[in-house]
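Let me give you the structure first, and then I'll get to my questions.
In this document, chain identifiers A, B and C correspond to the written order of the chains, with residue numbering beginning at 1 in each.
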Amino acid sequence: MPLLECRGLCRRFGALTAVDTVDLAVEPGEVHALIGPNGAGKSTLFNVITGVLPPTDGQIFFNGERITGLPVHRIIRKGIARTFQLTHLFPALTARENVRIAAQAHRVDRWRPIAGGRVFAATRRIADEALEQMRLSRFAEVKAGMLSHGDQRLLEVAMAIAQEPCLLLLDEPTQGLSVEETDQAIQILRGMLAKGGLTVILVEHDMEVVFGLADKIVVLHRGRVIANGQPAEVKANEEVQRAYLGGME
Amino acid sequence: MNVAGFLVAQSLNALSQAAILFFIACGLTLIFGIMRIINFAHGSLFMLGAYVGYSTVAWTGSFWPSLIIAPLVVGMIGGTFEKLLLARLYARRDSGAYLMVTFGLAIILAETIRLTWGPQPLSIPIPDRLRGIVLISNQPFPIYRLFLIGMGSAAAVLTWQFLERTRAGLLVRAVSQNAEMVHALGTDVNAVRTGVFALGCAMAALGGVLSAPLMTAFLGMGSNVIIDGFVIVIIGGMGSFLGSIIGSVLVGFVQVFGSYYFEDLALAMMYLLMLAILIVRPGGMLGKEE
Amino acid sequence: MHGRIVLAVSAVVMCATAPILPAFTLTLLTEALIFGLFAMSLDLMVGYTRLYSFGHAAAYGLGAYSTALLLIHFGLPLPIGILAGVAVSVVIAVPIAWVCTRSTGVSFAMLTLAFAQLGYAMLYRFKEFTGGSDGIGGIPRPAGPFGLDFFQGKIGYFYVVVFCLTASFFLCTVLITSPFGAVLAGIRENETKMRALGYNTRAYKIAVVVVAYGLGSLAGALYTPFAGFVAPELFFWLVSGRVLIMVVVGGAGTLIGPIIGGVFFVMLEHQLSEVTELWPLVFGAIFIAFVMLAPEGIWGLLTRYVRAMLPAPRGEAGQEASSAAS
């Protein structure tokens, strides 16, 4: 059974159709890359899947359960974590505090108003592990607002993995990163995937990242899926090449 | 009493109410359009207008000069406040600071008024020429209220003409759309902001003067009226001039007919209306401001 | 950390010197501490969660009137009367919190104001119960259960207030340094992200508003037997304004700052009002000055100053969410 399934998903804004009858099936453990020219509707699709925007049409299923129309926090708590195109952090809090809040989000005792010692111990451990995985441990005590753009994006990914999700939605994680930083990010993601238990949908413009990580590629153009399959076939697809006006980067 | 006559009279009542509300809502809307903030001091400025009007009447013995002096004085105060304080907050993208500072101004104005004029309500007599009643559909109707409707309509038309037909008005509209671009084209956007803020304050003050003969000048005018203004701005759509007209009329009707049919709730009417609106549309119209 | 020390030391000093202070000073201090509690309750909303309220007078008024009515009509012993007054206020605060948290920013502030204004209007509407503009007078300070009556006197009542303030401060500190408090910090810093992480931020906001109203109503409930009467002015928006000023000037997000702000203002008010009638203006001006120039408030300034002077490294042990004063 697919972990995430979208059937006929549509999202319209008045006359503009941002997501047009999208069908998507992501099996557990797979890495899907979502690519397409700017304005193709990729971030909107993420917003619809996570409940930030309600779909105008269609259904979404997570683990066989219908999640269409649920509020954001209920959907997320089923085991989905996402990052944003524009970095969304808590700039006045330290990197560790940032990740700890993320780690706390999925604990049953996250609300404990008194004697949270055990909660804090657990979240600190998870946070430190996540920071370690993203190679950000040295910034644990630094305020997130002070980090470089690249490190902030990695921090956001750290926050996502601290939620211990089944499904990870990454929205242009390497955007704004230098070549070295991008390579590092690919390595880290590969390491995480190798450990298993994680399913990823990745919005990306950087084709190296895409071909380096993806099991399947989904191409969006003007809200519609124009290709969906193994990297090799998608690369050869003429319609895709046309959409990108002159081939892949 | 026949129904038609009653409806006509109450509708005119509602329109006169709407006129006063318009003076507040228009300024609030213009200011929001330009600065993306709700000027919380607007209610106190309205109140200040009423009190300055009282003093002008006391000083000159005539009502008419106050229609010019009150808006002028309050407009200047508003403009100065904007220039000295609000302008400095633009760099700080902190909506909390605006709330606080305009709130602080509201407090200072309210306390100043209490100190200067005392805690008792002050009445301004209706000018002789506007006293008395006319018969409309066989119902007696105060001339002064017709005067209010006239003033409100005139203000609406003038403001509309200003925004649509004059260069200054065009500037105002441009700045509310895209301040940076206008700035890049060489206009002093800060001056536009100060001007609009002053204009908004002046309009509120004029509303205050006009309302004083009917409701007296009293402490507490401000806090009621700011909620009214806020409700209108939400109904009409933040920053929409036409919306402020429609909203004022709507709220005017709700207030007048509402307090007639639900006399008990008269005092609470506006608060309940606002609660109702914000319950139905809690973020919708105000999403932009965050 | 320092806040707790300051409070603890001050509490001990005040309790120790209470018997020898002149009656007038004691009365003033009692009133000041009540206001300090009132201000601290608002800090939970404003300083820790960035929920600006223009209507916190409602909490105060609710507590004051509830306690007044309970003491007069049911002859409850004083401590029970106060607790019952708070309980009633908390129950009323829940729907208020529910409605207000539907919105954010200015709308939230306006809604809180609307409820306070509504309360004010209701007091006039239901004159038979509430005494209308005359308020309710002659409120007793009945003895407690088991014949406890030390708080019927000035010194005794002062101890009660100090106790309530310290206990509330302790409660707030525990809340703030708990996982719940960490969530509040997140909401303050980036609510959208918190929702994206899966937090039901609305529920947390309702909770913090109810707690804030609860503690605010405790201040009101303490005020009633202290003053002996209650009047509608307690709900007036200028009261909400004053407590907001105390929070901002004292130092939002520090708990101790607003307490100091509250105490400072009541003292200053009594001093200034003898010299000049202009003191409310002075307060308004001070408020604006702090918002513009020193948003971290008095406590923030003090902390900064002290840190600059001390060479020792700061190592704040524990899991306190970062100070909101930044």
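Miscellaneous remarks
Here is the rule we go by: a residue touches a chain if its C-beta (ideal position, glycine included) is under 8 Å from a C-beta of that chain, and two chains touch if they have at least 3 such contacts.
These figures come from a predicted structure and were not determined experimentally.
Taking the mean of all protein C-alpha atoms as the reference point, the chain centroid lying nearest to it belongs to C.
When chain centres are defined as mean Cα coordinates, B lies farthest from chain A.
Here the chain pair with the top count of touching C-beta pairs is B-C. Here the CA centre of chain A is 48 Å from the CA centre of chain B.
Remark: chain A and chain C have CA centroids separated by 43 Å (rounded to whole angstrom). Taking the mean of the C-alpha atoms as each chain's centre, chain B and chain C sit 33 Å apart.
Residue positions of chain B touching 2 or more other chains: none.
Shared interface positions of chain C, i.e. residues touching 2 or more other chains, are not present.
Residue ranges of chain C in contact with chain A, taken from their complex: 174-175, 177-180, 182-183, 185-186, 189-190, 192-201, 204, 319, 321-322, 326. Residues of chain A that touch chain C in their complex: 50, 52, 71-73, 76-77, 81-82, 84, 88-94, 97, 100-102, 104-106, 109-116, 119-120, 123-124, 143, 159, 163.
Those residues of chain B that touch chain C in the complex are listed here as 38, 40, 85, 88-89, 95-97, 99-101, 103-108, 110-112, 114-115, 220, 223-224, 227, 230, 234, 264, 267-268, 271-272, 274-275, 278-279, 282-283, 286, 289-290.
In the complex of the two chains, the chain C residues touching chain B come out as 50, 52, 54, 99, 102-107, 109-111, 113-115, 117-118, 121-122, 124-125, 236-238, 241, 244-245, 248, 277-278, 280-281, 283-285, 287-288, 291-292, 295.
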